[in-house]
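Across the two complexes that follow, chain A remains constant while its partner is chain B and subsequently chain C.
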Partner chain A sequence: MPNIVACFKWVIDEAYIRKGASGALDFSAVDYKISDYDRNAIEEAARLKGLHGGSVTVLTAGAPEAAKGVKDALSRGADQAFFASDPIFNQLESSQTAAILGEIIRSRIPYDLIICGEGSSDQYAQQVGPRLAEKLGIPCISYVQKLTIGEGGRVLAERRVEEGVEVVEAPLPVLVTVLPEINTPRIPGVKDTLMASKKPVVTIKKEELPAIGAARLQTLGMTATRMERNCEKFAATPEGIAGFVEALQKKGVIS
Partner chain B sequence: MDFKLTEEQELIRKNMREFADKYVEPIAGEIDENSRHPAEVFKKLAEGDWMGIPIPAEYGGAGSDYLTHILAVEELSRSCASTGFTVSIHVGIACMLVLLNGTEEQKQQYLLPMAKGEKLGAFVLTEPGAGTDVMAATTTAVLDGDAYVLNGTKTFTSNGPTGDTYMVFAWTDKAAGRKGMSCFIIPRGTVGMSAGTHFKKMGLRSSQTSEMVFKDCRVPKANLLGKEGAGLVMAMAGFDHGRVGIAAQSIGIVQAALDESIRYSKERVQFGNPISKNQAISWMIADMATELSAARFLTYHAAWLKDQKVNFSKEAAMAKLFASEAAMRHTIKAVQIHGGYGYCKGAKVERLMRDAKITEIYEGTSEAQRMVISGNVLR
Partner chain C sequence: MQGIWIFAERKDLALELLTIAGGLASQPGVKVTAVVPDQGDQADIYIAGGADELVLLSPLGEDMSLDAWIPVIAAEAKEADPDIFLIAATARGKDFAARLAARLDTGLCSNCIDMRREEDGTIVMERLAYGGAAVQRVSCETRPVMATIPPRTFSPSPADHARSGAIRTLPLPPSTPVRVIARKTKERSSQDITEAKTVICVGRGMEKEEDINIARQLAELVGGEIGCTRPISEELHWLPDDLCIGLSGVQVKPDLYLALGVSGQIQHVTGIRGARVICAVNRDENAPIFQAADLGIVGDLRDVTPKLMEELKKATGR
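So, the complex of A and B:
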């Protein structure tokens, strides 16, 4: 019966981000959510527990406000949570997150399988999963769209790669990063949410962890994309296509 | 003062929003057009414990509070006012009546399956000649051996054609006046009780409404809810709960009208600018947002009072009065903002405007709410 760890990130729900007049992003009225693919990671952990038994532990590093996310994660079929909580933990870069999660898993959580989302909804750096596997010295399977735990403690994973599907096998313990195709995350029922508050949460403070290295990445700016319609129409004729190319050249889109 | 919802309430509200977006919003237009009860949605609502949020777990509910139920009704109504209402009357009136007045046996037999969402509840009070004037009802229940025999005709029964468990009011002693009406729990299929065909309504079309006819309908004594003669008091307490639900349904409607109006007014270009740049439009939206906030505070406050176990009769009436009238006012404005497009089938605001009207009528008209409120403040 596998001990499964699902990692998640509590991110800004992009539906609430507004675009200011100058194109700057307005975060003044945002709400938060579990990063989309991380919901798939938690769901996959819960699904496998349903099939094989064992336990599901959810794990995150975030600001203290992410406690709500911990409850949310616990309402999705997890048994317990580990929460590295510090006000500066919402500005971590991937290497720091992986170091924190790795330390917590190594020292506190027995595991056979670790599941991460392929990338987060906010940065989508796709770094935490592979880096975490490296820290723990276990194999990493990325881009997974189907996951099976077979006989003898091996996992079979379908990876979606550019030209098709690759099927790989690895012994436990292993880390996988999953794509949204792997499952449909549940919408927790009322009782699931109410019961989540009663499940055990281990909160770990920054001081209880080894010092994390300095951030190497710096965000210089963030602006919204702009879409402008010019309402120019071109027919699907040689003349129309030539006109289309000419218009793009004039705009400087192609040269 | 604390205006914050709990983390659980915020998560539950968000989960309901996701549920409604996924399962209700896509079919809301169709079930309105076809007057169809979406049984498939109610099955899913039952699976997620949405059909008995404030009912204790030992009676099949989620064991949460009334405010949480209200948040769910609001979010559901934001997608479909009919679906939101059906949950509201089922939980707020049918389930609450049994929870507050039922015996242990009645709770196990009737409340438990209702709160689990396996059975749908209905509230059967109004008659063709007895709307606001409940005392003008003529349906009687006469004790005959070990059973009451009911005769009479009820109308405008929500969940009439689709219900499973009916809370039926009838005179056991007409001469006793306000102390002469009693309430009976009657399961679907009881001989002598029949539901008419679903009425064709202006709005709230997927909520099933019909006549209920009782012809020598024998109801065992064990199905008397509460004491004989306590029916009217129980019905009024039921209304207090139900009205907060109608207020929640109304704020769901206003929120939807606001969502649609903001989206459309930013997209719709006239005279070279989005119409949201016109003061005439932006002020309509400002009023809509303001009254939505006011209605929401009244509604949550009424639900919160209920959860504090204090009298909330006046506050429920105020919330229902204000929220329902706001729903009517602002859905009219939302259609105005949408112009001709808003007048056509397929526009959500067209449905919202038709749905809004009933909120000023059922579970006590606006006039009846003013009677309750004035009765309280002039006391």
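So, the complex of A and C:
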């Protein structure tokens, strides 16, 4: 019965980011969420447990506020959580995240299968999964849209590539990164949320981990994307639609 | 040593990377090395495109995965110690790049859309973050500076047949535990929407699959192609995924982009940024798509589209 680890990131919900003065990003009204595709990773782990038994451990590195995300993850079918918590852990770069997750898995969590989302909703660097596999020295299958655990502890995965689908097979242990189409994440109910509060959470402080190296990529700046379009709105009336078509002609895009 | 390495699975993508390499290697003495699969033909096309050295990867066995090359290329790159290593951001390429970066213990700018050398020699790279709402500027202090480059971000390098270069071939690497057991080529949609002059985009405002016909009729009238938002292809499977426009789908740059029932999430808007004129029909006047649009009609697409088609016929005399 497989021990499955699903990794997730607690991120700013990008839908709440506003464009501030002089191109700065305004984070004043933001809310947080489990990164979209990481919800698929947790769901896939829970789905496979439903079929094969075993256990599901969720794992994250984040600021202490990410405890809310840990509880959310536990309400999605996981048995236990490991949470690397430190105020500086909301600023991690992919190589650092992979190092922390790798260290915790190696030293504390027995595993057969590790599932990550293909990329996070905030940075979308798509690196933590493959880098983590390298840290652990296990095979990595990324961009997976269908996952099966077969006879003799082998995984069968359909990975999406430009020209179509590559069906690959690898022996456990293996790391897989998943695409959103692999499943539909559940919406936890009240009972799930109540049960989540009773599940074990192992919180690991920065001091309990080996020193984290410097970020391999330095962020020099972050500015709002410019999108300078002044929408001219027309009503759905005969005059409005005629005005719309006239405007299209003036812009020279219909002839 | 000074040098720029590039790796791409496909020839067209390798030539795009050579364009960037050429721009960064403006001073003499910077060697450009292209690492590409040996497809048994036209090795000189890469040299004409700007490579000084060509490293050909022997064809992999049918059941072998690209990751068999990771240890070999990592060892080669450690030995040659280039300043920069660019990789085409295909699915396999992105996985390959991240694992290579882990082995070389260096930084990787994923989906890099701009890369230039500052006066002090620092390489500054740009990429999109927060679903495309932000531009992130990054640099890397470790060697090599690595980046994955999305297809079609740069034009292919022009050929200069007077150039010369060295060619060597790497022998087949050992197999890895990952075995490819089947490759399924998907059916391509009839038209490539990345090249279309007019794109009619279908969004979640379409209540049922048959409603797509409304968009098809409009597309036929204006000579455009159909595209869609992520929920239409990934969740509802009403249209194939190569028509999905957005950050994780295709980027389009038509003269006219017209959205029917598209709410305008930032990830989708990122995919239409290059359109000349953006139009939207949506019944919610506060839909974010209107902030990204030049022209909009507030109304139900089932009601508006037929009337719009009548008006277009009148205006164009069709």
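Structural remarks
Please note the rule applied: the second predicted complex is superposed on the first by the 227 of 255 C-alpha atoms of A that agree within 3 Å, B and C clash if a C-alpha of one lies under 4 Å from a C-alpha of the other, contacts with A are read in each partner's own complex, and residues count from 1 in each chain.
One rule holds in what follows: contacts are C-beta pairs under 8 Å (C-beta built on N, C-alpha and C of every residue); 3 or more make two chains touch, one makes a residue touch a chain.
Small disclaimer: the values here were computed from a predicted structure and weren't measured.
Contacts of A:231 after superposition on the shared chain: chain C is touched, whereas chain B is not. In the superposed model, C is the one of chain B and chain C that contacts more residues of chain A.
In the superposition on chain A, A:165 contacts chain C only, with no contact to chain B.
By the touch criterion defined above, A:240 lies against chain C but remains apart from chain B after alignment on the C-alpha atoms of chain A.
Once chain A of one complex is fitted onto chain A of the other, the partner contacts of A:15 are limited to chain C, with no touch recorded for chain B. Touch criterion met: A:248 reaches chain C, while chain B stays clear of it.
With both structures placed on the common chain, the touch criterion links A:146 to neither chain B nor chain C.
Within the superposed three-chain model, A:126 lies in touch with chain C and out of touch with chain B [touch as defined at top]. Of all residues in chain A, those touching chain C in their complex are 12, 14-15, 17, 19, 25, 93-95, 98, 119, 121-127, 129-131, 133-135, 139-143, 156, 159-171, 174, 180-181, 184, 214-225, 227, 229-236, 238, 240-242, 244-249, 251, 253-255.
Looking at the complex, you find that chain B touches chain A at residues 7-8, 10-12, 14-15, 18-19, 22, 47-50, 53, 57, 62-64, 68, 72.
Those residues of chain C that touch chain A in the complex are listed here as 65, 67, 90-92, 94-95, 98-99, 101-103, 105-111, 124, 128-142, 176-186, 198, 222, 234-235, 247-248, 255-256, 265-266, 269-270, 273, 276-280, 285, 290-300, 303-304, 307-308, 311-312, 314-316. Residues of chain A that touch chain B in their complex: 31, 33, 67-68, 71-72, 75, 187-191, 193-194, 196-197.
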